[in-house]
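Below you'll find a set of structures to go through.
Each of the two complexes below includes subunit A, the first together with subunit B, the second together with subunit C.
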Partner chain A sequence: MDLLPTAFAVLYQFGDAFAFLVIASAGLAVIFGMMGVINLAHGEFIMCGAYVTVAVARLGVPLPLAILTGALVAGLIGMLIERLIIRHLYHRTLDSIVATWGISLIATQGVLIVLGSTMQGVGTPLGSITVGSLSYSTYRLVLMGMALVLLLGLYLLFYHTRYGVVSRATIQAPHMARALGVDTGRIYSLTFGFGAALAGLAGGLYAPTMTMVPTMGATFIVESFVTVVVGGADIFLGAAPAAAVLAVIRASLTAWQGQLFGQIGLLIAVIIVIRVLPGGLSGWFLRTGR
Partner chain B sequence: MRNTSRRYQGGLALALLASAAIAVGGSALAQEAIKIGVLEDQSGDFAAATMVKVHAIELAAEEINAAGGIDGRPIELVIYDTQSDNTRYQEFMRRVLQRDQVDVVFAGFSSASREAYRPIVNQFDGLAFYNNQYEGGVCDANMIVTGAVPEQQFSTLIPWMMETYGNKVYTIAADYNFGQISAEWVRNIVAEYGGEMVGEEFIPLGVSQFSQTVQNIQAAQPDFVVTLLVGAAQASYYEQAAAANVGLPMASSVNVGQGYEHKRFTPPSLKDMYVTTNYIEEVDTQESAAFLEKFRAKFPDEPYINQEAANSYIAMHLYKQLVERAGTTDREALRAVIAEGDVCFDGPSGRVCLDPKSQHMSHTIFLARVTEDHSIEFPTVWENIEPYWLGEAGCDLTQNDPSEQYTPSSPPPGN
Partner chain C sequence: MTAPEEGLELIAKTPAERRSTLAIWLSRLEGPQTMGRGPLFWAAVVAVVGAAAIYPLFVDGWTVGNAAYFFVWTFMAMGLGVVWGYCGALSFGQTAFFGLAGYGYGVLTINVGAAYGFTILALVLAVALAGLAALIIGYFMFYGRIKGVFIGIVTLSVTLVFSTFMAQTAGPQWRIGSARLNGFNGMSGMPPLTVPWPGGDLLLFADIPLYYVLLTLTVLCYLGLRMLLNAPFGNVLVAIRENPERAEMLGYDIRVYQLLAFGLGGALAGLSGVLYTAWGQYITPSSMGLTAAALPIVWVAVGGRKDITATLLGTLLVLYVFQTLTIYGSQYALVAMGVLLLLTVLLAPEGVVAILMRGIGRLFSRRQER
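Let's turn to the complex of A and B:
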């Protein structure tokens, strides 16, 4: 095999794993990092985004627009749930875990009862490209690009907009922020909704490549939690580098020994990180930076 | 006077009640219901393929009850949702056998769930029907298996595929007992027919991302891929392989016939998928048409009527025949009837018969091919294939009951 196609194959697999980890975990990282809420309904927001995307796309709406609709609907539902349930459980981590788990069970079973056990997909757009002797899905290259755009967008949002400054202030010192006239309740609500919208976006982006079933969110859960745990609370110092490291581990182990070892590698990485760096990568960066 | 009259009336009411109770009790005694436990996944990862099994059992029960029940006794179904979860199977199997005291249980989709509940059926000495195709080898007097097994699905499919497409084979299989043992069968048959395994990969249940697997397959350049993927998550493979333009023919014992992937995915992602199945709703026979008509009349919204639905329906009628011939629901009496070797039923998939040695079922096997627009055609049909492997390997339930699962690499002892 020539060098160039081989290099492309390796890069493609790395990029594919990286994109999945970043896109799947962004929503979870925002909600956990900014609000300290461990959202076990993350997978169901992803499922919601995917279902809305497919339903809208099947009405004839162009796919990018359908994906945005999926993210928007997931975000609105997220804000509603924050108002009704999550709001009462801030600083009660264990209670919020149980509550979000309950929401996820209700969502999965509710979708099963109302919409049935499966839904027809929309098919992956954009066809394939051939490099060397292997062919690749073009859409997955788009997903890799989307992961980078997503990281850049989040960075700009949290560090270069008024919402970003206010929300970070709300997280770090809620009393001070309130004293300065920030409506912290609104910020919490917006942030939770934003996290849910990111989950919905993940669902929308991956919907064309997957089976549409009520339990589809569960297949994102392990990867997203692993990324957030390894990364720690900060999405830029933590989740992005964590996704890169985990993508290398996963892609190389899967290429070497198959899917099972890819899974095992991810989980071993988490165990080591929890043992050695309890604050995750971002905690370690912040400590050594000081 | 008023008092006596009231007392008199009270007495009359009591007498009436008592006589009513006797009448009810008497009629209940005359036709005490036969209780059938139904443990199938109505939620979770497998629900898409298994909800229809419950419906098939309900259809058969309604039909049998309308025609006077089993030997004059009505059927009462005791249905639990096992949630695609092996521990639920164990819980509910104990419940139906101990608390509900059912006469027979119809249970299980995945082989992991079957092996989870089978020791409990043995412990309480119950009788269970497993109405699912599987990797074969269960030699257990407490089990009757109506699903197809490898000598019916792989010994037909793999040689046909090798003759049609070539000798180089790549297997991707779900990583649990079903996938591992089925892959062993494929490996053996490929070797027997002089082919070559160019790759084999086992995928953990729940995995949904297949980029690397797709690349491994392309790099190995097989002539066709054997896909033994299970569950909704793993079904994402087809979409992703099609998006990467893999374009290889696929062979399977589980797809289409269970999870109707050709209906769920956008054409042409399943083009050239070949499946050996004993029934799917596209089978174009009179028996099939009659079955479909009854099914659609009762369940108009059923997304797909698969082979497991047909097997569950057949199992109900086989059980009816066994009980009526034995005159009791006692398991040993039913097995004595099976031992006579002529327990057959003409159902949606044609004529099927129970094999006394293994308590498995003969099948007519249809080779289903998915075309470019995801319609189904049948390039060939193998008539009436016996479940011969267990019997030839040395399992004989008419002689003894080892309650074991055997595989080609661990056959019954003494052979």
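Let's turn to the complex of A and C:
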């Protein structure tokens, strides 16, 4: 009698943490994996997606459509920023990170100036379901499904489309790709925009569950950094298993001591991982397996 | 102090070449890793320090305290200059050490008090604590051999988590001895730095005496770093920045050098943290959060990270601009800082002050040639 609800509660906690880590880090992982650039404005793209989603949803547009709009706007802004700024810094990786931090500062404080310190959100949709004596948010179950769909979608995109092949060729051997007629500049631009759109999607998906403040992006970035560091450069070999492992740590510590200790646990995990597995999980997989 | 001596040092030290340790270190005030040499440069340094020394005679106490506030930050900036500019390890987490030492100073002095010059001991202990924390984190990073980008992410994650942790310590159960941590509102009520003095302790409030103490510390730290950076240690740091593999092939254990530089940077950030806390008798978690952590990067990038003089001057300059803009609202000032950082990275990656200094240097050297 008691076993099933307990098992569900544990699975729910794990799934929730997993979904958060995957959705929050996907955009960062795509940009880092493809371009070697850590986008410190990642949190601000998330914030952008969330704000657009809420603004559009409050106009009466259905939430899924609003979320897609949020992702699209974040993606377009991402492409614009790539054109104007990141493009000039590809040969200086550290400088490109510093530049994205400048963008982050401008975006956070700019939104604070224009839209004020808070914005009315939308409620969490879909109500809740009851298993055993506890009730769970249905929307969070949808998010878990979304995380899996996202991983599958990314896999199909990068391994079964022309864009995927060309973009992987571009990261592996940019000169060769260019010699074969690939417009690598366009690929970089698309990839950065795509990563930004994924960040916007994360913002849109989590917007109904959060308070809308200009600094809301900061809630996501520690988790996404940690996932990317533990995962290493490859999204599928690295980030997805990393999210699974870290989700176990986060879920158990959160259940035991609360949200913050979940975060501290993640941090300690990442510090140990960089000492033991410097290339992250994907580096380790590539060394041992295959 | 002429150039050929550099080469001679590499050859076995014959008795004729042996100089006193002091003379060797003093000769390192000038060298390949720092801009500025010759009597003209040092005359300018003396003039600037002299002007700073008589500055309090011309302005009121509040302005002097405010100028002292600028000096508080220079240590963190110079530490970041060493770690990022000279060693090539981009740390986003200097404010973690800043906050750690600030809270450390608060906890120590609130519990023990300020008698018998304990605040000075508390300063040393808190700085040591920050340095130790940097060494521990640095050990995992550098001995794990993680690369540039990851150092930034890990240090920033540490900073954000530490800041979040301190922000939730609001309840009465969060106390160390008699010091309440007070969560997001921060800790206050610690004594200022106190120097035991015959006929009554000297309390260093944000006023003229503190200004002179901070000015002296800044000058000493600046000169000390110049000597260190022109010493073999500094040369190895630059070699690591330019090409880690080559430095390693030459037989240096680069991990040790990176670790020591990172520890030094952490300790200097800690010194800033203690002085900040003692300056305002106040420290909050937001002084190390995401926005606060970005500011040292702006100072050092705008000044010029590869030269300690440019870093120092740039920091003071940017702080002044920032404070002037803050009058119109801190959001506007922060947007301006973001724009400044972007423009620097895109248009003057070496740093604005560094480029200016190089230009002035060229001007003078041309004049001497004529």
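As a working rule, the second predicted complex is superposed on the first by the 287 of 290 C-alpha atoms of A that agree within 3 Å, B and C clash if a C-alpha of one lies under 4 Å from a C-alpha of the other, contacts with A are read in each partner's own complex, and residues count from 1 in each chain.
In the analysis below, a contact is a pair of C-beta atoms (placed from the backbone, for glycine too) under 8 Å apart; a residue touches a chain by one contact, two chains touch by 3 or more.
This one's a predicted model, so the numbers in the text were calculated from it and none came from an experiment.
Look at subunit A after the overlay: subunit B and subunit C clash there. Looking at the shared chain after the overlay, A:215 reaches both subunit B and subunit C. Once the two complexes are laid over each other on the shared chain, residue contacts for A:124 go to subunit B alone; subunit C is not touched. Contacts of A:85 after superposition: subunit C is touched, whereas subunit B is not reached.
Using the contact criterion defined above for the overlaid structures, shared-chain residue A:20 touches subunit B, although it does not reach subunit C. In the superposition on chain A, no contact is made by A:161 with either subunit B or subunit C. Judged by the touch definition given at the top, the superposed model places A:135 against subunit B, while subunit C stays out of reach. By the touch criterion defined above, A:104 lies against subunit C but remains apart from subunit B after alignment on the C-alpha atoms of chain A.
Shared-chain residue A:95: touches subunit C; no touch with subunit B.
In the superposition on chain A, A:274 makes contact with subunit C only, while subunit B stays out of contact range. Across the options 22-30, 112-120 or 400-408, subunit B meets subunit C in a clash only at 112-120, per the superposition defined above. Touched by subunit B in one complex and by subunit C in the other are residues 108-109, 112, 215, 218, 260, 263 of subunit A.
Contact residues of subunit C toward subunit A in the complex are 90, 92, 137, 139-141, 143-146, 148-150, 152-154, 156-158, 160-161, 164-165, 168, 289-291, 294, 297-298, 301, 329, 331-332, 334-335, 337-342, 345-346, 349.
Only residues 43-45, 47-48, 51, 175, 201-204, 206-209, 211-213, 215-216, 218-219, 232-233, 235-236, 239-240, 242-246, 263-266, 269, 301, 303 of subunit B touch subunit A when the two sit together in their complex. Those residues of subunit A that touch subunit C in the shared complex are 32, 36, 38, 40, 85, 88-89, 92-95, 97-99, 101-106, 108-110, 112-113, 215, 218, 221-222, 225-226, 228-229, 260, 263-264, 267, 270-272, 274-276, 278. Listing the residues of subunit A that touch subunit B in their complex gives 9, 12-13, 16-17, 20, 108-109, 112, 116-124, 127-128, 130, 133-137, 139-140, 208-216, 218-219, 251, 254-255, 258-260, 262-263.
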